[in-house]
Every structure is written in C-alpha cells, then in structure tokens.
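To keep things simple, chains are lettered A, B, C, D and E as they appear, and every chain counts its residues starting from 1.
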C-alpha cells in the first residue's frame, strides 16, 4: 500500500517536472513579453528534433546537445520578438490589443514552423532510447531518464529563479514585468528585455523538448498538446508567476498520476476540470495576485 | 438614427444583394457541382465567423468556444439524425449549443480578457475529452454514423442559415441592442449605469451566436457520415473564425463575410496548388495580415477608397 | 418623504471602513453637496447609492423603496443616473450614440427610436454638444467628455442625478459653464447630489452640504453653516488655510 | 439519392457503350486522385504505413509504360494527384469531391484512417467511383452498404482469434488488456477479450486510456502486480511507444508483449529502438519478404525507391490490391468504373501475395498473415498454419539491460 | 542645462501641448504648476520620451533628446520620478532602489548610493525587506524618490510627489526636495500644491490648457493676487 502511494506520488512528480519546465517558458513569455505563445509547443518540438538529429547523426548525448540546441532556439525566439512582435507592440494601441494580435500571429508561426519541420525531418515518428533503465526508490521502480528529467527541471528552474532574483538583468526583467513604463524610466531598454524574455521562454521550451525526447517519441505535430498542458499549468499556477508554474506543474502532475491510477480515461478530463474550476474560483491562479 | 445614406446608394446596395441572393439560390442548377460543395464550406465559415463577430466583435470578449458549439451541433446530428427530420435536428442542434452557451455565459461573467479566452478554449478540450471518456466507458463506442443527405440539400440548408445569420447580425447592429453591446465592450460599468442589463445582454447574445454555430455543426455533420469526438470538437474550428474575422475586419458587417469567404477560398487554393507548402504559405499570410492589415481587409479597402475618392465623402 | 435616504450605511475595504454608519437624506428637488478630503469615502458612497457596491450594513431607500442589493441597471431604470470621477464615455462611439443609449435604456425603455433620437438631440443641445455629435467621444476634450457624461445621464431621464467631480480639471471659464449647466439641470426639476472640490461652486450651488472625513459624517447643513463650522475648517478647509 | 446516382451511372454507361464505337477523345494518361493527411496528427501514420505504397505503385506502373487499356488501344501512364486534408475530415470530404467533380480524375485512392474511410466510402459510392480501402477498417463499415467500396486490410475480426490461438498454443494463462479510447481501441479491446476467454485465457485487467496520455506506467505496473503472462494493447503509435518505452525503463517484462499498431513498422519501431530491444515483441500484421516471392519483390522495389523497408502490416495488402485493380482495368479494357467494379468483385487474380479476391461483402480475405513477431530483425508471421514463417518465440526475452 | 523649444504634442487626434518652451539651469529648482488636466504630466512625459513630440526640440546639455527612447534619455542623466509613483509592487524596497541603479555606470557603485539614499530617508532602511505594495503612501513616495536618485542624475523630474499624502508628510517631502539643491542636482518639480511648490522653487511656470501662460521668479508669482485668483485657484 505504502509502495503504491509512493509510486503514485513520485510518478506525479516526474510528470510535474516536465510540465513545470515547459510552463516556465510560457509564463515568462506571457508574464513579461505579453505574448500568449500558442506556438510554444513548436519550440519544444524544435528542441526535441535538434536533439534527435544530433544524437542519431553524430552520437551527441542529449544532455550535451543542450549546449547546442539551447542557443539556437534562444536566437530564433529573440529574433522573432525583435522583428515581428516589437513591430506589433508598437503598432497596437493597447496591451489587450497586442495580446490578441500576438496570439494570432503565433498561430501563424505555429503553421510555419510545423511545415518547415515536416519538410526538413519528414512527418514520421522519431525516437531513440537513452538512459532507459529502471531505478529503485524505496521499493518502487522508476525510469532513470525520467528521474534525470526531474533533476534537470529542478536545476534549471532554480537556476532560473536565482537569475531572476539576484542578477541585474533578472531584476530588470521582473521590473519590466511589473511596470514596463517605470522600468523604461530606470534606463532599462524595454524592447531588448522583452525580446530577451521571449528568447529565454523559447530556450526553456527547447530544454523541455530535449528532455521530452529522452522519454517520448517525437513528431512534427507534437507541439499543440504540450502547449495545451503548459497553458493549463500557467493558469493553475498564476499567469506570469515563475514559482507558480512550478507549483502548478507539480500539482497537475500529481493529479494526473492519481487519476490515472484510479481511472486512466479521465486523466485529461481532470486536467481541464481543474483548469476551469480554478479559472472560475481564482482566475489569477494559486500564486497569482 | 444612422448617418443618412442617399437613397440611391441604398437601392444599389439592395439591388446587388438581391442579385447575389438569386445567384446563390439558383447556382446548384447550373454551377459546376464542386462549386456548390465549395460554396457550402464557404457558407459554413461565414456562418461561424459572422456569429462569432455578433458576440465578440462589439463586446470585446474573445471567445474561443466556436469549436465547442459546433461540436455540440455535430453530436446533435449524430444522436438525433435517425429520429427526427433534418430541419428539426438542426434546430435542436442550435438549441443545445445555446443552452451550453447560457451555462458557460453565466459561469464566466466574472472573467475578462485572457481569462475568458482561456476558459472558452478549455471548454472545447474538456468537452472533447469528457465525451471521449463517456463514449468509451459508458456507451462503449466512439464513432457514430450520421445520416447523410444530398449535397444540394446541405447547400440550401447552409444557405438558409447563412441568410438568417446575416439578417440577424444586420438587424442587431442597427438596433438599440447592438448599441448596448458595443457600449458593453467600451465600458461595461458605464453601460450598466446607463440602464443596460449587462448580464442579460451578454448571455443572450452569446447564446444567439452559439445557436448558429450549433446549427452549422448539425448541417455539416451530414456530409461526414461518421463522427467521433475528435472530429466533432476540432480546436482549429475555434481559431479559424477569429482569424477570418480579423482578416476581414470586424468594424463592418461585411468584413467578417469577406474575410471568411476569401480565407476559405485561399485555403482551398493553396491546399490544392501547394499541398506540401500550404501551411508555410498560409502561416506567412496570417502573420502578414496581422502585421500589415491592422483593421483587416475592410479597413484597407476603406483607406484606399478614401484615397481614391478624396475627401468628398469623408465620414467622421 | 425624502427622495433618497440612507440609514447607518457602512462599507469596509479589507478591514478599513470606507464609509461607516452614515445617515443622510436628500429631499426632492434640492442640490445636495458632498465634500471632504481625498479618501473620505465620497465616491464610495456614490458607488453604494448607484449599486456598484453593496453596503456591509445599513439600508438605502430611493423613493421609499429599499434598493440595497439591486443591480446598477435596475437603479438606473428607477431613475438614478450618475457620472464618474474618471470619465467613462464610450470612446469609439460617436457622441450622439453615447447619448441615445441613455434614452433607449433609461427610465422610459419602450421609447421609439424616433423619440429617443429627438430626446438625444435635445439633450445634446442642452449641454452644448450639438456641434460635435458625430465625433467619436474619445476625441473630445476633457471638458466636453464631462459634459457628455452628464448628457448621457440626463438622457436616461432620471429623477436623481449623481455628479462626481464634474469640475475637476476644468479651467475657470469651463467651471463657470459647468456651474451654469448644473443650475439649468436643477431648473428641470432633477434632484442633484454632487461631489466637488471646487469650493466656490459647492457653496454657490448647493442647498445643503454633507462633509465626510475618514468615512464618517462630520457635518451637515447649509453652505453658510458648513463654512462656519469649526470642525470642518479644522479637518478639511484647514489644509488650505494653512497653505 | 442513391438510386438517382445509379441512374446517372447507368445512363453514362450506356452512352459510353455507344460511344466506344466512335474514336474516343485523345487520352494520354490516367489520373488518380487522393486526399490524404500530409500534415496534422495523422501525417506520421501516413508516412509509416501505406502512404508510400501508392507512390511506389504509380512509379512501377509508369516504368512499364502504363496500364494497357483496350478502349484506347495503348498503354496509359498513371498520374497521382494528391491533396493534403490536414487530418481534417471536412477538408477530406471536400477535396475528395473536388477530385471527382472538378478535377474529373479517372479514379480515386483512399484517405488514411478508419474514420476517414467511413466518410469517403459513401461519397465515392455516390458518384460511382471505386474506393479500394487502404489503411483502416472496421466491422461497422459493412453496415454502410456501399457497393463501390472494397475493404482490403485485416483487423480485429481476424486478428483477435489468431492472437488468442497463438497465446493458447504457447501456453499463456492470463493476460492484461489495455485499449485506446477510440474506435480502434474499443473494437480491438472488445474483440480480443471474448477471444481470450473462449480459449480459457484469463483476462485479469481490461482498461482503456485516453489518446493523449503521457504516462502509462500505472497500467503497466498494475499488470505486473497481477502477475499476468501476456500484455496486449490496442494502441496507436504514441501509446505503443509509451508502453514499450515505459516497460523498458521500469524493467517490466511479460512473457508475451503485443501491440496492435506500431511494431509492424520497421523504421518507426525496430530502427528507432534497436533490433535487440524489439526482439520478441508481437504486433498486428503481418507479412515479410519470406511470405511469397511477390512479397520479396515488393520489399526490394520499396527499398530501391525509398531507402527504407515497407510496413509489415498493410504494405503487401495494399500493393496486391493495386495489382488486382490494375488487372481488373486491363480485363475491362476500359476505364468504366462499373465494369471494373464488377470484375473486381467477382474475379480472382494472381498478385504478389498469391491469389487475390474479395468475398461477397467485398472484403479481402486471403490475408498473408495476422500476427507478427520481431525475431532477429525480421517481422516473422507466427499465425498457426501454413502462413507461419517462424514459430513463436515464447517467453519473450527480457528487455536488454542498457548502460 | 535643459532647453525646451516650442514643442507640440498630441493625444490621439487632440493637441495636448502647444508650443511649449522652457529652460532649466544647473542646480536650479523649477516648478511647473497648473490645474488638473492642464497638461503638466503630458509635458513631462514628452520630455522623457514616453510620448512623442510632434514638433520643436528638446536639448539636454546641448544634445538633442527628443526622438530618443526613454531608457536612452535616462542614460544621459535625467531621472523621471513618475506621477503615481509607479513602484514595482512585488519587489522589495531594496530591490526597487537597486533597480534605480540599473545603468551600467552606476550599478557598480550601487551600495554606496544606497547608503546615501538611506541617509536621506532613514525610514527606508527599516523597511528594506518589505514588498513595495505593502508600504504607506508616504513611504512609497520616498521609495520612488530614492529610486530616482539611485541613477545619480543631473536633472531630476518629480511629478506630483504630494498627491494623496497627508500634509505633514508633504512638508517633510518638500524639505527633502529643497535639500537636493545642495548636491548640485537640478530639480524640475511638477505640482498641484501651488503654494508649497512656489515656496521652494527658484523659478516657476504656470500651465493652462496645454500652454505655458506665465513664467517667472516664483517669489514674484506668489505675490501677484491676480495670478493667484485666476490660475492657481487659491
């Protein structure tokens, strides 16, 4: 009995780690850059495919390939914001307008990125196996690659948290999120910071993609379901709150794992029920204001 | 109550509309048969887009629930199609969607902005997964067969709904209720203090727009023979009406109509000409339109018109 | 019978009493002034009367009917109209449409569109906005937006009109115009409650004045009585005299 | 509506009959239309199963100069006109009708997936177009009664009993069944369970899972704790990968491990995971190069053109059905759908898998195999009887230990 | 030091500023007074690049600054303490102050500057760990001022520091502002509280309806009855 409970709890944490990581990126993009990035999952997909290519073609281990894929995805995100979204931001009369338009622009991006991925990698399912062996924890067995994923999620999450709370740039990002105009008056170059945030969001997605590719098969159309999960986590944790994304991610992972144990068919229903109930009861999320 | 248009202009517009209607009503008699099918699709998207605009245009509540309402209509068709005649089924499809809209509307009154967007989109996924689970575990099936009717019948039914939707939208726009809806979008608080029953207005309009989406779903399902939750609740159908409305411009009634018609045709064109690059081109056009056509096609046309016609008829 | 009556009206915001135990009554046809320093609870009281907020305790009666717990639209249809401290016009709608909305949904809801249109035009004339009736409201100057708010409120055909700082931010000429407009509204038989910082206007226009401070009523009376009240001078006018 | 369709075809057929006397308008190629998922969730499925066979067939036919049609007195090359349905059923139905009405293609090929076949069959039938089923199939299709539709692929109806027979043969005592919450899963799930029970195999677990789930370890762990001999899942590729990956990761081993959809694909399954990893995994199918000389020929041609192996479930089925189709055209000597349909429905032709014919419901029955098992990199057919290419490997070796 | 020459600015289609000209010299305190809605904040926002100016020029130390983004203007040595304080509500007092020293050239010495600010507003030292949104109005204004000083500006623009504050707090605040003169910094003070603003300023401008209507020595403005009545509402 205790093993079963432990089993469910840890399985939930393992899922939660991935959820949290992909939600943190989206949270940053929405919370600071005000872009509800529907194409977030496409960046996850890019990260996953770059990792797959490097592993299968050159034998570069996924965790090492992070060093190559992350800057690449970051640059794509940064340039996209600098060009496309900055222009949209300047031409939009209000923040609400910008949010709406940028979301739709992301929908266009989603189409483009997916098509490019299908053209360059083909539509078929890809996968590889890496660190796929069981690890014993207090009598319950777990996959090594998933444990590593959880570890990475926690490490990256904490590193990111420290970056935001301790460094000059991190503080500038938080300031820009809370009051962009006032931040500009502090000498912070807002459009640079926003692009940085969008790039960092893409980077987190890329890391998420790498970690996901270690445990799951990948395909060019995989993005949307991860975007949906990230959105749920975002709302559960509180829009734009980084710690909130972690709380939301782990909560969702745990709920998923408990419901899957009782009635697997209802796992996703449970996600959406939580999502919608929370929107009704406390739209700003668990850690939101 | 409106800026008086010259009688002449009005008559021309009415004449054009009448001819257009005649052409549409008679086209199954002489148009190529595929044109009729393509038109049905275009009509469906116009219905979805215009009914989306009826609610979301003036109030500014961006709803991503069209797929949910459409899906409810689809299921109505599958469940009741063998029991009732098609017109009754369409009506029931519309009514069920309206009921859903009333419930959702009453629940989500407090939500504004992005929260409303998220909730409505969550609704689509929740319904999808819940019905999936229900069908698998309770009824023990997922696919349902829908009775089919001829293409021409589908065409006329969709045309009928289209005419009703446009008429409704037109009358609503001109009426005091249209004005009230717009005032809600501009400042809800002030609207309430001017005597507008904000809650009732929002819910009833949401339900009205859902009715047409449900009806469209009930009609369209008959073309598909077989449906399952994934087919019925296709999230893309939530985004397309929004994109089409933006593409056309929501300032005028004909904006969403033109937007939906052009968008659907463009998609058809790209998908048949460039099957392997269509998403890329389509995505690019979307981004381009959002960047460079902030007020949609209609806004652009009006700007061009003004430039050509000079300041002769410059309206305020 | 007073047209509006409040008994021990109380409202808290997060433990802090914004309005506490305030009794007041406004007689049919009078101009009632509401003054007090920033944060005294004046606007909160307006929000309670017009049902944006509902009081924690106490009752508010309009024409003898207990209106606590009603919805704003219902209060409006009973004959209470208001303006806002920070202007709330419908910025993208033409001036005329801003006003006609009031005629459509106010106290006379079944009005035909012809009548409503006539009434709106008449009111625009009354407040002096006829010339700009087709301009989007957002493009008006602040003074005109304030006038438009009054016009919209007037179009609902109210018996009681709440004016929230309609003179704030206006220059002296505009203040004079606004004062004149208030007198004309009053002459139409509409009861007025006004929150105002422009003392000159308050003293000249009001029949009676109530002074709020930290959510409590500290004085009530004719302008003369208020101006002479030691207590009022100390907490309210005191700042000014010291400066 | 239907009778009207027949009338129209009848009139056209008679008109054509008289027109054959006169020289026909110059015809230089046969155009075949296909609306299929090139993008969207199904695109991956199209890629690993079926999609390429149609391209190969067109390629091979044209290499020989085309199909000889007596009516025109010459060989006509074939052109495949493909549209992307975006995995959207509404788009597919529109495009199919566009191909028939607007592009006036000579024939149509099927879309991908059971649900899409459901929608396509009545439409093709309405216009009197032959629709040879590709990937997908279900018993329910029989209820539709569409005379121009031909079902090619095998499914639960024949695979369920065969799997149960194999399990009984090797001595499986108990089994856990998991099925995807959709048409495929339910049909297989509800077919397999009685088949097992009938043969005295105890079904200790029978659970559905939602299509988008990301963690299936609870089901695997539960099955393991119940101590079942065999694990059988009615799944699609995402679930298949998850079941395989998670049982490897958790070191959960069953004596028999069966997945309906996925193992048949040498590139998606064997090559992604490794030959030694998939050793002993059973899957729906099945055929391989050893099944017949024609099968070997197909593999060679496929590899030559695409550099990868074909799928070992439907590949040979579709390929042979196309050969059957081609012979029917040649025998008819015309492109008249009705004539060809009648020939297809009644005649038996020699194809890559051997003799090919349809039964009275127009279902293809002479399957080369039902159940396959990976053994040393080959997807062996392990059906009891003559179709078997290798005996079943039981118990399945444990998942290899990884560094 | 700051030289504004005939600038116009628009809110949408409405002209909000009409040919504004003004100057501020080194170490000078200049007040800008006028009624609510006269365009004072609009003017300030135009100076620091939050609003574009339609015509005219703004020069700071001989360098033309209109058209620059606000962060670039701040970098030149102008600090703008905005109306309504606009603190970063979910950051601590200390972090709010630190972010004031975001500019690379002052970031390195932020600890010293922080000490100076704490000396100026000792209360902030006690509150340094508290979140900005939990502070009282007066404390928030202190943080805003301190944050503005952290960038070591040559010109400090303070917009409506007294709004919503109790009279005693306002007195204290104005004494601090007066004290800034000693450090050689120029101050441009925007106020509704005419009396006190004129008392501490060297010179003053009076705005009405988007125009500057009176300019001159503040002592002189204080004495002219007519001006007081007509424009200052006293």
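Definition applied: a residue touches a chain if its C-beta (ideal position, glycine included) is under 8 Å from a C-beta of that chain, and two chains touch if they have at least 3 such contacts.
Small disclaimer: the values here were computed from a predicted structure and weren't measured.
Common neighbours of subunit B and subunit D (chains touching each): A. Interface comparison, A-D against A-E: more C-beta pairs in contact at A-D. In this assembly, C is the chain whose CA centroid lies farthest from the centroid of subunit A. Taking the mean of the C-alpha atoms as each chain's centre, subunit C and subunit D sit 76 Å apart.
We define each chain's centre as the mean of its Cα atoms; on that basis subunit B and subunit E are separated by 51 Å. Here the spacing of subunit B and subunit C, counted between their Cα centres, is 42 Å. Shared interface positions of subunit C, i.e. residues touching 2 or more other chains, are not present. Within subunit A, the positions touching two or more other chains are listed as 114-115, 118, 265-266, 268-269.
Residues of subunit B in contact with at least two other chains: 129, 132-133, 136-137, 276, 278-279.
The full set of touching chain pairs reads A-B, A-D, A-E, B-C, B-D, C-E.
Touching subunit A in their complex are the following residues of subunit E: 48-50, 69-72, 74-75, 79-80, 82, 86-91, 95, 98-100, 102-103, 107, 147, 151. The residues of subunit A lying in touch with subunit E in their complex are 168, 171-172, 174-175, 178-179, 181-191, 289. Across the interface of their complex, subunit C is touched by residues 1, 3, 176, 179-180, 182-183, 186-187, 189-199, 316 of subunit B.
Of all the residues in subunit D, the ones that touch subunit B in their complex are 1, 38-39, 82-84, 86, 88-91, 93-95, 97-98, 100-102, 114-115, 118-119, 121-123, 138, 140, 143-144, 181-183, 185-186, 190, 208, 210-212. Listed in rising order, the residues of subunit B touching subunit D in the complex are 32-35, 37-38, 41, 129, 132-133, 135-137, 140-143, 145, 148-151, 220, 223-228, 230-231, 234, 236, 268, 271-272, 275-276, 278-279.
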